[in-house]
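Look for chain A in each of the two complexes below; its partner is chain B in the first and chain C in the second.
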Partner chain A sequence: MSFEELGFHAQEIYEMAVEKYLRDEHMIDERDGLYYAPTDPMSGQPMMTEEVLRKTVWDTEMKFNEIHSLFNDFLVLPDPGAFDGPIQSVTTCMDALCSKAFTDPIQGDPHPINVELKAMTVAGSTIDEWDGLAAKAFMNNFVIPFEGRTENQFTVASILMNALNANKELWKRARANIDDIAHKVKSALDHYDDCGKNEWEIGLSVVGAVVAIAAVPVTGGASAIALGAVASAVDVASTFAGQIEVPPKNDYSAESVEGVIAKAKQGIEDLKTEVARAEQKIVDAMTNSSGVVAGHATDFLAPRPTLAGAPGNPDVGQPDDD
Partner chain B sequence: MTSALAELTATASTPDGRAFATISERTHVRMSLEPGYYEWASVTDLERQLTRLARLLFVARMRAYYEARSRDFEQLFTREPAPTTPLDEAYVRARSEVVVEGEAVGGAVRISAVGMDSWAVHLDRDVQQRMDEATFCDAVSRAATQLVELQLAAVRALKRQVYAGQ
Partner chain C sequence: MSTGHVLGVDLAELWDAGQNHLPIVAGEFTQAVNALPTSITGIMYRSGGVGAGDHSYGSAPAWGELAATLAGHLSTTADNLMDTGAALVHAANNYAGTDAEARAELERRKLEIGTVR
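And now, the complex of A and B:
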């Protein structure tokens, strides 16, 4: 089975359910797509009229008709591969922000220095001969905090990249989990009528896909600040390994067609709940981070220079004017 | 995709190698005897051998069943779990009392089972005079196949009765 065949699996499950229910409850057999009424073993005559047979089949088909829509919410899920482009773009951005060699605070990966950006941190000595109020303001407001700000921007980019990565892992696992549920529902319909107890388990790996990281510290001004983040369980640094949720193995058992279909619904609801919970972790982290960044904007962005758009400003010094 | 259960096959033979049986497609049983054994064995010997074979085939079938179940569910099953609910207990208790019998050639060959672990084979005393080896093996195979079909039907009915749609 594969996720792409989910709609087809829903049809197979529906057909199995109808066929087995008719056999179990009404002794109506299906052969080559046609239904046959039970026959009297003595006379060989059908034990129900054609009309009763048709109505019984119709009623049973209606009884299980909802199986067709059982998987509807999962038929179109985000393609995990679609996250690769944005992840690569943000990673490129992270590399560009390396005014010195930074380490991804979530994955623990080193990012090499961006030599061109590094030049900004030594701009003070390059323009050594410039002085005056503007020169001092430029030094204090832009040159000295530059490295801290780029590091904070790097951290924000890391949080964004890791959120994309967590999203990718979430949908990868959600696809695998719904496919697993469909596969096991089919198996349960194959096995419920054997002698033994028909129980099975479904591991909802989507539970461990997204790791919530409460606080990623950033270089603050007056006070220490931290950003909420998430990571993919696959790529998170070992520091956070303890925060990976262990996926539960949910047990299901059913001894009839109706029982198996009821457990299929339960399994799908369980998965929906866990997908929603994983998505909420991402939403919470992004909401927290954007709120902190907005509330401490100057720790992440340089203020607009007074010089900007102000030609003739008397505070602006000129080189060698003293 | 075909399930492992649909492809289930199990074989068994008596420890002395005189009787063999295979079950496939869930209910289809084929039995054969060591060449020549049928002619010189007594009816009592045949009954004893076939009863033993039935028990061994059931064990082999259950082993194959748990392997098939493990493949179908991608989960390891090695035995039936202990009952965990009152319904499970009621089902296991009632199943142990299910009596089914398969027969062929007008009852000349009869195989009966009580529950899942008590088997008996009854043959008419003159069975060897009435049938050659091939006919006899075919009759035993048909009786065994009928027994398994009836047993599965009885189990389905019992599950419907005990679990009532659960």
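And now, the complex of A and C:
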């Protein structure tokens, strides 16, 4: 079974449910797509009229018709592979912002210095030799805090990259989990009439896919601030590994066709609840970080330099004598 | 060494910072913002409203808002660096106009240093 075959498996489950229910409740057998009324063992005659047989089959088909749409909500989900491109793009952005060697604060990966940004140090040394107010302001407001600010921008990019990574894992597991449910329901329909209790277990691994990280610290600034983040459970720094939620193993049992289908619906609802809860962690982290970045803008963006605002008359002052 | 010559050397460094070094840094910020996607709705669609947030695109709008904020900051940083660089070039050229020897030295060094981009 695979996720792509969900629609096909809904049809298989429907056919199994109709066939088994007719056999269990009405002793109507299905062979090669045709239904046969039960026969009197003594006379060999059908025990119901053709009309009753047709009506019973029709009523049963209607009873289980909704199975066709059992997996409908899951038929189109985000493709985990589609996240690879954006993850690579955001990583390129992170690399460009490395005014020194930075470590991804969420994932733990090292990012080497972008040597091109050393030009800022050279420009800073030159401007530092001029005593004009605009030159000094540029030095104090732009050059000196440059490294800290680019690190904060790098951190925001890291939060975006790790959110993509978390999404990738979430949808990979959601696809696997719904496929597992379909598989287990088919198996339960096959075995509910066996001896012993008909039980099956569904591990909702989607529960542990997204790791919520409450506070990623930001450097500098007048007050200590932190950003909300998420990580993929399979790609998270060891510091946060303890925060991975352990997926529950939900047990289901049923001893009839109707019971199995009811538990299938329950399993699907349980999965929907957990997918929503996992993705809500991403929404919360992004919303939190947007709020913090907006509320502390100068920690992420230098004020416009006076020099930049006065192209015709920049106050660079005089060069130092030495 | 004459004061005009020394001033010319200082102005050449200022010109170099504005003409070359700050635009190099600005270029890196431009590369960063160009690489950064600001929307992921195209890969986040789900047909049955499964997930959180937006019915069809889940957490994509929240992600896009943060990405757009960062993109704006990176873009503004690049613009500010380019404008600052242009102001320094202007200042060096203007200053050189006050001293013939300084101007000669500045022009000589401009040719020597060249323009990186």
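General observations
FYI, the second predicted complex is superposed on the first by the 299 of 322 C-alpha atoms of A that agree within 3 Å, B and C clash if a C-alpha of one lies under 4 Å from a C-alpha of the other, contacts with A are read in each partner's own complex, and residues count from 1 in each chain.
Here, a residue touches a chain if its C-beta (ideal position, glycine included) is under 8 Å from a C-beta of that chain, and two chains touch if they have at least 3 such contacts.
This structure is a prediction, so every number in the text was calculated from the model and none was measured.
Superposition of the two complexes onto chain A shows chain B and chain C fitting side by side, with no clash.
Once the two complexes are laid over each other on the shared chain, residue contacts for A:H68 go to neither chain B nor chain C. Of the two partners, chain B and chain C, it is C that touches more residues of chain A.
Legend: residue contacts after superposition of the two complexes on their common chain; A:K197 is shown touching chain B, with no touch to chain C.
When the shared chain is aligned, chain C comes close enough to touch A:W130, but chain B does not. By the touch criterion defined above, A:D24 reaches chain B but does not reach chain C. With chain A as vertex, the superposed Cα centres of chain B and chain C define an angle of 160 degrees, given in steps of 10. When both complexes are overlaid on chain A, the residue A:A254 reaches chain B alone and has no touch with chain C.
Think of it this way: put the two complexes on top of each other by chain A, and the tightest Cα contact between chain B and chain C is 25 Å. By the touch criterion stated above, chain B contacts chain A in their complex at residues 1, 3, 5-6, 65, 69, 72-75, 80-81, 83, 88, 91, 95, 116, 151-152, 155-156, 159-160, 162-166.
Residues of chain C touching chain A in their complex: 7, 10, 13-14, 16-17, 20-22, 24-25, 27-29, 31-33, 35-37, 40, 43-53, 58-59, 62-63, 65-67, 69-70, 73-74, 76-77, 79-81, 83-84, 86-88, 90-91, 95. The touching residues of chain A, when paired with chain B in their complex, are 1, 24-25, 180, 183-184, 186-187, 190-197, 199-201, 254-256, 258-259, 262. Touching chain C in their complex are the following residues of chain A: 72-79, 82-83, 86, 89-90, 92-93, 96-97, 114, 116-117, 119-120, 122-123, 126-127, 129-130, 138, 142, 153, 156-157, 159-160, 163-164, 167, 174, 272, 275-280, 282-283, 286-287, 289-290, 293-294, 297, 300-302, 304-305, 307-312, 314, 316, 319.
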